[in-house]
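Order as written gives the chain letters A, B, C and D; numbering starts at 1 within each chain.
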Amino acid sequence: MTLRIIATGGTFDKHYDEIEGKLGFGHGHLPHVIKRARITIPVQLEQLPFLDSLDMHDADRQRIAASCLRADEKSIVVIHGTDTMKETAEVLGAAQLPKTIVLTGAMIPYEVKNSDALFNFGFACGIAQTLPHGVYIAMNARIFTWDDVRKNRVEGVFEKA
Amino acid sequence: MTLRIIATGGTFDKHYDEIEGKLGFGHGHLPHVIKRARITIPVQLEQLPFLDSLDMHDADRQRIAASCLRADEKSIVVIHGTDTMKETAEVLGAAQLPKTIVLTGAMIPYEVKNSDALFNFGFACGIAQTLPHGVYIAMNARIFTWDDVRKNRVEGVFEKA
Amino acid sequence: MTLRIIATGGTFDKHYDEIEGKLGFGHGHLPHVIKRARITIPVQLEQLPFLDSLDMHDADRQRIAASCLRADEKSIVVIHGTDTMKETAEVLGAAQLPKTIVLTGAMIPYEVKNSDALFNFGFACGIAQTLPHGVYIAMNARIFTWDDVRKNRVEGVFEKA
Amino acid sequence: MTLRIIATGGTFDKHYDEIEGKLGFGHGHLPHVIKRARITIPVQLEQLPFLDSLDMHDADRQRIAASCLRADEKSIVVIHGTDTMKETAEVLGAAQLPKTIVLTGAMIPYEVKNSDALFNFGFACGIAQTLPHGVYIAMNARIFTWDDVRKNRVEGVFEKA
């Protein structure tokens, strides 16, 4: 079993810039997170340009799809912003790749107190190894298929469409 | 999908007692961890007496098995010390319950910097929902069946027996 | 020795709002911070309206001055945003109160990884008890008098004017 | 103003060893802590052999005194275990050096959740710059002179003798 992690930005990877005084993106937290998780299976990390998912356009989603297509691994975790996670999941779902692709993210940035990022990442790394081929969204211990999910922005949770 | 979490102590739940000046057990981290993970499926937490897994005797393992047997849930995560996780997994495996039981734990206590606890917990919560009935050990992104696993104490990792 | 802590917001007290997806202000971190610091001298916490210091107007600075004036304590720590800390220090300095008033803050919010907030708070709590009456800015282990300091925004440090 | 930090171990610097499964000492947290605090004055770190303060003998205290004597800096912070902090303070006090020496430590290790280490370190760095020459114990926002202090082990706090 080998795992590919594709990082695309989103809340998970936000970083506080002390000069600017705001949250943006830095070098990415995944290299540290993977070490911290002490992952004992082979793992490939691919960091795409980091974007807030509200700033993602179709070309950005196609780039993620291309990475999934190119990947040798059959188990793929995509770290993604929550606001348009569903839209990217639709692009990946339509591609019908013979792989298990799990999109996850965080409601609180990894580097902020009380973050759900590490939990969600572990959750996604588990089901990416065990679910049948397909595209899934996995957040806060709940699994959704790409074609039956929406984000409830008022409550900040994902639910069935 | 409903999840049962059974906490039994182990490194995951160790707590630093500032008066004693050492690591022991407190009220348990799981209530906080479950909130932090923002788990959006129904979840039942059961906290058994907290033990260092080196201090577990057969009666303790039978108590865990009894909890698994009694549980209404088909998906169970057992938080356990790593040193005798395999022995408890064998007791649970021999019971052949029609449930998916995943044992997990941590190399570093939840409350200590750089802990793998939250990752492992998320990982276990994922595969407890997706694997066929059986008993598994899940640590650091790797899944083992209860009858083919051992802890390599020199390197601090689980591997196939 | 009794200590008064006046919280006015600033980077120190920023809180990530997971529904809005941005940093704002919550209930304030100081009640937790004071417990965490296990402060063993009498301490009074006063939380004024939380503001980003760029949003502070003269009325806000006068409110801080009024709090300092009214306080029974001779040692006062003011938690403040760094961008206009100097301007508030000038207002407090001009008031010439017979008290030791120390303004401090943080380059990284308390709840963000690698924050300097707890260090600066401890630093300020120390010198507020030991310096002669006057108004000081205390950041990152360096002490400034209110009339000889400026923030170097390019490097994110305070220096002598 | 230049600061010397002398690290001698103690709870502050305890590190969880994931192979041994217990708290011991690692490479020391101070290099990271000093960076995190973004200290903007010249600072010299000296790491002596790390000891639990219950394991300190007279030779160990003499070594700390020798470091204080040799130091060019007039402001010295000594990171020390709390259990025999008073005994080391007495050795340093008897030496009557023309310097301000502040002993501090932590009730909870730096790397454990809710630690007071960073606060105490900031507190000590402040008063080491402002108090007259002498030897002090500084814990949890309270300052003691070396000859009028004791640790109340039942409550885990320092108090006047």
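Following the convention adopted for this analysis, contacts are C-beta pairs under 8 Å (C-beta built on N, C-alpha and C of every residue); 3 or more make two chains touch, one makes a residue touch a chain.
Everything numeric in this text was worked out from a predicted model, so none of it was measured.
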{"item": "Chain labels contacting subunit A and also subunit C", "value": "none"}
{"item": "Longest centre-to-centre distance from subunit C, chain (CA-based)", "value": "B"}
{"item": "Gap in Å, rounded to a whole number, between the CA centres of subunit D and subunit A", "value": "43"}
{"item": "Centre distance in Å when subunit A and subunit B are each reduced to the mean of their C-alpha atoms", "value": "25"}
{"item": "Multi-chain contact residues (two or more partners), subunit B", "value": "107, 114"}
{"item": "Pairs of chains in contact (touch as defined earlier), listed by label", "value": "A-B, A-C, B-D, C-D"}
{"item": "Interfacial residue positions of subunit C with respect to subunit A in the complex", "value": "11, 16, 18-19, 21-23, 83, 107-109, 111-114, 153-156"}
{"item": "Residues of subunit B touching subunit A in the complex", "value": "1, 3, 33, 36-41, 43, 107, 114-116, 118-127, 129-131, 138-143, 157-159"}
